[in-house]
């Protein structure tokens, strides 16, 4: 199990002031509300003094602003930092509960590596991984057990391909890319032509290009292009179970959340954000910095910087106006009935008046 | 192929009374409307006498209540049971068309099992399965071909890990859990921090805990927590292609249907039901026994026992009222136009009247 | 890299007339707007003369109709064809940038093939593929690395099973079927019965039948039936990340786009089209030739030939009428307020009049 560290030692890692007993032993870490008396936790700007006092944690990393609102005596030991307490806490977490480090195991004799493949220095190819003909893999990569790198693929440096991720032929991957387990990159695009009542597959001779620092989630699928490549831009992050269809060209630093689907030939600018379950129709362009709310169904171009929601998607203000108004419909129907009654009465009196004349 | 059994023999398995020729041979089983003259079928309370008479089945398991409404002469052979005919039928199905039984093959020499892994008695580890360092697997488990159990995982007894299911490091699995093919448990959560225009991954040092009797569907993904564990509670069933993001804590005996997505830190009570394509925003709580209709988009807490639908999700009654009212909008517009005309006329006469005075 | 071909040679492949310098060298192919001066491109009926003139392509395959609108002098070299230019272009693409051809490698000694399995002539079984007991595989199939074909499966001729696709036991696959990477066919259906507060799995003794010329996308899941088979009809194409639940029976030549979900026992006619993220409730029937718009949530039968959208799904005309009308609600609320004011005034004058009488 984990070793223990005195609070004072932990404070030293992050250059924090200790309020309380620096000899308190810290064994592990936990969220503030779940922490036990051997755990380190952290409190952000939003944490209330009472939540801090109520925590059972052995010690808590806190910002100065919060520390000043409480007496150290009625709290866990406080490790007071100037800057962002989350960053400081995560630095401690790395040392208290380290992730396993990669070991240099080289190319396993139980991996399946083509004679024509080139493997860079410091790259591990684990048992049952497949590296097919004409593949080039850069340096310090992890080709995990069962990862399949198809013929002609080009992979940069410091790339991790997790178990059973599948790269079909001629996929190009940049540096520092992570491809999670069972992701599928480069399957044939979903393109057919109807001939004599049968769907005949259109050949797909394009590939897929994944640029530097992109991340591809578990079970996400990215189809190859028909003529040109499908592209995932630099630093763009795809969550799990995302669908990127043939010929899409995603820009840089997009954040695409779980189960989003892009139809064919969608293009995006940079810093686009799509929340969960968003769907985008084919050939639509998402402008730089636009944000699509969860479950939005986008069937036309979205201008840069705008936030759209709904099905069909529209600017959030309009959509909300309609949603709010819709709640009034039952009331409106009552109002109309009342008006009708009042007019009936009016017309009656009107007639009387006429008769009287 | 299947051997045949006389209807009387089959009746004996389920303690049923035979109406008709007990020597009728049964070779297989099928739904009532698809059954041929060598098939066993069953009829529920809802089945009509005419549907029963129309069936081509060799024999039909029926409840007494239904049997009493028909003459055995104009039906297939009836196997009349006191209790639930489906249960009785399924018991027969187990014997007529048995699933393959597991064989004790032990740890295959073609599996990849770390010297530091501990494998329980009666557990099979099949060829190309990976059981990494410091793993503990309980008794009578099936680690199927290509299943990947990452470093430090702990697996209970009677667990089945299907082909190419992937458990990243330090995943904890209880007893009697089934993890279907290509499910991914413990991938890094989708958490980043924007630094100088780039999304920098937040380290995820938490794990995933799957409690007893849970079932994880094919191609479903469950991300690891950042500090604490992501949790799937006892007896909770996840269908295929479900996304459970980092830090979620699902309660017991939930039923989560295909393609549902939970954003980060969602929590649920027990016996929660989510229909297909439901999406739940981060940090939302779903109360015990609540039901979410298919495609609901939930952006706030759902009280226990309530049924919510729609995007954004709301109690079903309100949602239906608005849906129904929306259908009236075109009519309402007509009514408003009519009122305007009538008022115009009124005002006209009103003026005349004034002029007459 | 690719070899080069003179434009005149390429023209010969597709029986095209050359307008411009037939000696122009073509090295690769690209879309019209991305092509460089060594690329072949194509222009369809919809391409404008100006777009054609603006292209940097070395040569462009064009229909006669378009060629007649431009001077060859202010365009790339034109390869003028009578028929569909896309077809002609794709024929060239096959020769300019060919996909890798399959090689006859037979049954790899590093594959795991049961002694009781029967493998047809010309079929390749690649390293780490699993072909379990009692399997029959036809001729000229590709069982790719890591593909898992469970006990008792029957596979036809010319079938491709991509890496880490998983067929559970007793799945039947026709001829010319492609199953993409990490697809899962035949997992147990999501069916339980609540007994003493616990969900108890219903046994699933049915199988899955995939008919000739069907295609199953990457990471798509098709569950086995409970009694009868789940069926994917002849020529039906499933995109990636599609969910087909137990007992579904899909007709012929359906086109089912990414992330669609079918609940249990859904049936469809032929030539059904479901756009992305469509969800269909259990036991619903989709009539032949019907079209479901993206994100539709279908909870009742859809008649043949109709187009439905929305949640709950309804005929597109009705749905659009309501969407359009909804945009008028804020205006309607104003109109009602105006009417109320006018009536107030009316009633006031009415009273005055009465007083005056």
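Chains here go by letter, A, B and C, matching the order in which they are written, and residues are numbered from 1 within each.
Simple rule for what comes next: a residue touches a chain if its C-beta (ideal position, glycine included) is under 8 Å from a C-beta of that chain, and two chains touch if they have at least 3 such contacts.
Being a predicted model, the structure only gives us computed values, none of them experimental.
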Subunit A turns onto subunit C (C-alpha superposition, degrees, nearest 5) by 120
Subunit A-subunit B contact: same residues or different, taking over half shared as same?
-> different
Distance from subunit B to subunit A - Cα centre to Cα centre, in angstrom | 25
Numbers and ranges of subunit B residues touching at least 2 other chains = 128, 146, 164, 182, 219, 241, 259, 277, 295, 311, 326, 329, 332, 336, 339, 343, 346, 350, 353
Would you pull the subunit A residues touching subunit C in the complex into a rising list?
-> 112, 128, 130, 146, 148, 151-152, 164, 166, 168-169, 182, 184, 187-188, 190, 192, 197-199, 201-203, 205, 219, 221, 223, 227-228, 241, 243, 245, 259, 261, 263, 277, 279, 281, 295, 297, 299, 311-312, 321-322, 325-326, 328-329, 332, 335-336, 339, 342-343, 346, 349-350, 353, 356
What residues of subunit A sit close enough to touch subunit B in their complex?
-> 29-31, 34, 90, 93-94, 97-100, 110, 127-128, 145-146, 162-164, 180-182, 213, 215, 217-219, 235, 237, 239-241, 253, 255, 257-259, 276-277, 294-295, 310-311, 323, 326-327, 329-330, 332-333, 336, 339-340, 343, 346-347, 350, 353-354, 357
